[in-house]
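Presented sequentially are two complexes of subunit A, the first with subunit B as partner and the second with subunit C.
Coming up: the complex of A and B.
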């Protein structure tokens, strides 16, 4: 939604009626006062309508057997501009790579969503979630188990053929 | 019928005490809920919802605010004059809550021990008492502004004193028109005379009503006349340095003034507790009894006080006062603040001569009507209504469209010449 600037034309001196202007103003405020539609969103009861590309805290996708989809390729810590992802990769006896440590510091994160864009196996996502209050600071470093527990909807990636996600 | 049983001294004192407590409690309650109404109505005007979290529809918000203000820390500026700093809020709140005492709020109530006037104190100096005490309110403001030892607070206090003095004059002069028509200064008689005239004084004294409304807005320091506070210029003016309950006392004082002014507007110009189009509620103390009016021959018609009439008239009074309370809020959230020189201009150059001229006009019209021996009634009021209506329209016409008051955009001086415009730097005027 583009921001539009309304330019007010100021009438010349002596051509404005203050009485009319005052009465017009009073009637305008009265009409707004009795208007039933208000812009306030009563948040805890009403939830905001998030845009499909709105980016919030992360979520790690899991396989059906409960393993994380992450293959510890190391692309997300490399691309992360805020340097908030700590990844220590490992390899099991079948040669499958998996993350031993996967931590995201949500305080450092700038929610750019590049980790999700760069992930080759669609494992790490930013999500549609913002109610993250905690009592201590260290609770904001999400480890792998915490990321896998998250079940909020994930963010839609930008599609060049549909730039406004309509 | 119509005979009045006088209260014994014991019952008079007891009932007076009860009335004092009741009226004070109701006024404080209205003040508390005015703060909520202000926030809710302003929110509704701005398409918001306002505070609706505490209790149903936010109705417990004033209680929460009160508890917060009481348990907050009281701060005292190190350089403040301590005694006067504490005295300021007390002086501000006191006149605000005592002025309501002389306003009659319902028809007399019959009780087993006698008929009780529904007014805390029916003092013979009614309106004069209100004028005297309401002008005392400025002392609290000036004193707190000075004692804070803060230049913005001081400026706010100075502005308050200048504004109060200016508009006190217009307020008093606009009331004189009412006094002329009533012939007395008690507010009970003001209500009675409006019932006898058959119309509320807002019609025969329309211009006085407009002057009074404007002056009352200025007297209570409400927008568009909130020069003493003027957040964008003076932080918050005289109560900049105040916190917690001392700040709250200024707040209570302002709203108590608004309640008094609204009740006074309703009483002086909208018939007080009178119910329109019904003479059954007319009641006045006359030679030891209650009368409804006088018949053709001039004999008094007796009236009987009843609980039902008292309740109905109380409702009428509350409705009228409530309307003016709403009007106060409504005006505040519609009109922007005046510039300081405009406030002074309006007070001294428009309202003062306007009110003086209007008094002459009303007095002259009444003199002519009395000479023609027109009885005090509908015709009497009708002639005054016509005269006042024409005057009001003429006044509004001349005040409008920069004829008397001009906005900031007017670049001409009084003689109509263009004011010299400073040459632009680097422009042709500067280079040549």
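Coming up: the complex of A and C.
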């Protein structure tokens, strides 16, 4: 395709007035002064309303007796594109497969939510949580206990009444 | 009469020897017909009913594992009828199968998982509660999860036909059928029972040692040779995180069939032993200091050159590769008059044959390369526990080389009188205190090389682990030294060293590295027996 060039014609400098544009802008400013529309939040007094699919730091679900729901199947470390989950499986005293070591490096995590999607027992979840400040970097590797302690709401990756989006 | 038959499978014509089953004939075309009960090392009872294929002219579908190929047959493995049947059979298998893949050790290498994923129904239609057996300890290294069993009876037939030690059987009938041991006599003490875990097509029989240790898809597989006895069963090292996680047999009909012994299978933790020698060091006792490879080898070269003519004694090892031993012999030969070349190696009192596959015997010699060491001019010394026998070496006043023998029964005086003492090993030892050079070398799992097994078969093994620090294969270190002393080119690969070895040792004549491949090659018979 041939390239065509459109030549723009502008009035010469000094032969045009900006008065109209300035007044237009100022009128908008005055309008906001008398009838403001607020887009910012008074955080942290006010908390944002997160979308149900908003994905933040993880949370491990636990059984009623306090055991982690994870069965150390190894799917989340396999699917994780950031390779940030470390898992060592083992057997507990009741003969159940469970994670002896389960760690997520939240710095490396890209919050894709695939770990939650792949988990066959709905154990690991990404969460509705973003306040993660720490004093040291190593605190961002969450171990199993830390993941189990989290109590923030978890992300809803799909609509429970329509899991296949049909 | 010809001894081949020509038939058509899925529209492709194929010629196979007479007596080939349809399943194998399809395999030559690259078509895998699903099967559970059939295993190439066992008889075929044709009971799992999943290998049924359509044969034109036959009234019903035929089990391909026992139907022999015939001239002019037209076979369809993928016709709608065959597929529908397989789907039906799979659905029956799943009526009671727990589908606990997330916690099942077989997940990722399970034939039920694969077949259902390929051809199974998307959803089961059974609404009945599943029967539950729980798990049973079969003794030895074997655990049985009855719920997962597909009743193929491979395990029962292995114990009956190959191990000839009937310890497993089917009890009960129909959906209550399970595999069980006889009363309280389990697999404890059996010598080949670990193989039932390999041949179980699903996760019903699992290894206690491997339980929950790693996922099948996380393991790297390296073709290798079992280093635990001189049979040299072909195996695979399954590694993860730079650790050997388990050993699995690799088929080789000349050596071990499909099998390996439990003794060999269980002995792999030593490959993961920590506390290795990582950097070359020079100087005796308190004067020892780290050096780099270049200066270590240069100084050693100069010293060997200067000392030419001295009496040389060499301690090798039956766990070292042919390449390392040949290079060691070459270096010693260049350095002076070699008065002894010895190795020590443990010996078991008994041999353990596998009755159903008599080629496979757990041998007396519990080291992989006793025969290779013998062919390369090393003589056995010491007792059956690999102790003693080094009295004259300990006080030797000439040049002394030690390769791969940890000298565990020797004290700090070893080699005190030696003019030059070179210790090549993976681990430090009190008896290495007087060594002028301590050179870190790789273990069997961290290098390439070859062994000669008890049948006179030269077999290659490959590198499965990364070596720690700057440890190098012994053949590389010694090959470079021998090349410098002898004034020829430095070998860069194990293949180069092997080529030199073949040229120097008549016993190996005619062999090439490529010809060894992954199955090995036999030495000429006169070399072994004469």
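Please note the rule applied: the second predicted complex is superposed on the first by the 128 of 166 C-alpha atoms of A that agree within 3 Å, B and C clash if a C-alpha of one lies under 4 Å from a C-alpha of the other, contacts with A are read in each partner's own complex, and residues count from 1 in each chain.
One rule holds in what follows: a residue touches a chain if its C-beta (ideal position, glycine included) is under 8 Å from a C-beta of that chain, and two chains touch if they have at least 3 such contacts.
Given the structure is predicted, the values throughout are model-derived calculations rather than measurements.
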> Counting only touches as set out at the top, which of subunit B and subunit C does A:110 meet: first, second, both, neither?
Replying inline: neither
>> According to the stated criteria, A:101 is in contact with first (subunit B), second (subunit C), both, or neither; which is it?
In response: neither
>> Applying the document's definition of touching, compare subunit B and subunit C: which contacts more of subunit A?
In response: B
>> So in the superposed three-chain picture, is A:90 touching just subunit B, just subunit C, both, or none of them (first/second/both/neither)?
In response: second
> When the two structures are overlaid on chain A, which partner does A:38 contact: first (subunit B), second (subunit C), both, or neither?
Replying inline: first
>> With both complexes overlaid on chain A, does A:30 touch subunit B (first), subunit C (second), both or neither?
In response: first
>> Under the definition above, what is the set of subunit C residues touching subunit A in their complex?
In response: 101-103, 107, 135, 211-213, 215, 217-218
> Once bound in the complex, which stretches of subunit B touch subunit A?
Replying inline: 41, 43-49, 52, 330-331, 333-335, 396, 399-403, 405-407, 409-412
>> Could you list, by residue number, the parts of subunit A that touch subunit C in their complex?
In response: 71-75, 78, 89-91, 95-97, 120-121
> In their complex, what parts of subunit A are in touch with subunit B?
Replying inline: 10, 13-20, 22, 25-26, 28-30, 32-35, 37-40, 42
